[in-house]
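Multiple structures follow.
In what comes next, subunit A is part of two complexes: it sits with subunit B in the first one and with subunit C in the second one.
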Partner chain A sequence: MNFELDIVQISKVIKDPLDNGNNVFVVKAVNILDMGESEKMWTLLKTLAEGGCRYMIIDMEGLEFIDSAGIGILINVAKILRGVKGDIVMTNVSSRIENIFNPIKLNRFIKIFSSIDESIKHFKMC
Partner chain B sequence: MLLLQPRVKLERRWAVLIMITAVEMMMPEGVKEGEIDFDDVICTVTPEKKLSIDLAQGFWIILKTFVDGGCRKLLVNMENVSFLDSAGIGTLINIMKLIRHRGGDLALTGVAQDLIQILDMVNFRKFIKVFDTVDQAVKFFSDMQLK
Partner chain C sequence: MKNYLELIPLSPTPGDAVNYNLLLFRLKVPASLDLKSSTESLVIMKALIAGGAKKILMDMTGLETVDSAGIGTLISAAKSMKTAKGEVVFSGVSQSIKNVFRMVNLQGFIKIFNLEAEAVNYFRYL
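Here is the complex of A and B:
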């Protein structure tokens, strides 16, 4: 299973390139995020969060299926990142996936943006 | 007349540095949620197209985040890389130093033939293992015991 990972720097003025307050990690979710596949996603996101990543964008463009295990991972990573004054947002959520998020009101806990550029703008204001 | 500039172009200026890598986690045994046993995790990073001076910094940030997060078995798959310069080689050597200091190891796989000539020029293969296939590298990592 492959994940795609981008780094976007939100400011042109760089004091320290390793200062992760300046780096936004964009993780592209895989097409299925259920109990069997979610362990790898959890390992990846936890390693990034423990390694000093503060701002994370989950790109859900290719996501077709998510269950409670996948949602639990998003919530757990959000808790870790908010503990270090970071944040996690989601982009490109399809309407079918958004229908799953609505009953548990996940969009109140994790912000959803329509494009990556908009979420970068959000992090720039942080 | 009102002339609207395409907004994407303006916003792209923030994206000074973009680095795309495919990351694959391989785990021989299942990992429970919560604590992760990094003895079982082999992290494969696949850089795109080239490892040159403008992308080496992003590559360094990604790999350093992985090592800081606890990853100890790092495999760099070079099958998509066709261009490598001194900054790229320096990044690989620096990350090797960092990961060996913490008791893990770094290996390369899928290196193209013309890149091997460059690597041999700096005696690279004497201190970093280069494997032909991913399977050989996975076998090397699964036999390795973390200190």
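Here is the complex of A and C:
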């Protein structure tokens, strides 16, 4: 299973390329995030978050199925990142997946944006 | 630019805790490692290493060009890995890239394997 990772700079004026206050990690969610499949995703996100990543975007374009274990990952990563004054947001969430998030009001805890550019704008204000 | 990352468990681990000694991160190197594109790989690797990763395999099958900045990032990543008591190795290096590495004697510093399976095997008994 391959994870797609992308680094986007918040400000184009780069002082230090290794400064994670300016780097946004865009992680593409795999197509199934359930109890069996989500362990690797959790390991990856946890490693990145503990390794100094502050801003993270989860691109949910390819996500087809998510259960409580997958939602738990998002909440746990959000907690780690907010501990270091970072943030996590989601983009490209399909309406079917959004219906799962609505009853537990996940969109109040983790912001949802329609595109990656809008999420970068949100991080600029942070 | 997309970076592809894969997590390969070297042996089944009991419990929920992540054992980084039994977990291999396989990073696919993009087609060129130059001044512009190498920082992304470096940001990802630094985050992984700081997050606790001990074993990183860089899959260089797609690599076509590498310049001094690219070699610099490879050495910088390998160096921070050595201080963390882990190891970075390469696999699938093409002959032309090997010639570049030989000139700077990189193979004395970082192990190079022909096949991915050899590298995975090496990590398994490390």
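Throughout what follows, the second predicted complex is superposed on the first by the 126 of 126 C-alpha atoms of A that agree within 3 Å, B and C clash if a C-alpha of one lies under 4 Å from a C-alpha of the other, contacts with A are read in each partner's own complex, and residues count from 1 in each chain.
Please note the rule applied: contacts are C-beta pairs under 8 Å (C-beta built on N, C-alpha and C of every residue); 3 or more make two chains touch, one makes a residue touch a chain.
Quick caveat: nothing in here was measured; it's all calculated off a predicted structure.
In the three-chain model built by superposing on subunit A, subunit B clashes with subunit C. When both complexes are overlaid on chain A, the residue A:N2 reaches subunit B and subunit C alike. Contacts of A:N23 after superposition: both subunit B and subunit C are touched. In the superposed model, A:I10 lies in contact with subunit B only, and not with subunit C.
Counting the residues of subunit A touched by each of subunit B and subunit C gives the higher count for B.
In the superposition on chain A, A:I120 makes contact with subunit B only, while subunit C stays out of contact range. Within the superposed three-chain model, A:T43 lies in touch with subunit B and with subunit C [touch as defined at top]. With both structures placed on the common chain, the touch criterion links A:G52 to subunit B and to subunit C.
Shared contact residues of subunit A, touching subunit B in one structure and subunit C in the other: 1-7, 17-18, 20, 23, 25, 40, 43-44, 46-53.
The residues of subunit A lying in touch with subunit B in their complex are 1-12, 17-18, 20, 23, 25, 39-40, 42-44, 46-53, 72, 76, 117, 120-121, 124. Residue ranges of subunit C in contact with subunit A, taken from their complex: 1-7, 18, 20, 23, 28, 39-40, 42-44, 46-53. Residues 1-7, 17-18, 20, 23, 25, 40, 43-44, 46-53 of subunit A are the ones that touch subunit C when the two sit in their complex. By the touch criterion given at the top, residues 7-8, 11, 13-25, 27, 30-31, 33, 36, 41, 43, 46, 57-58, 61-62, 64-71 of subunit B touch subunit A in their complex.
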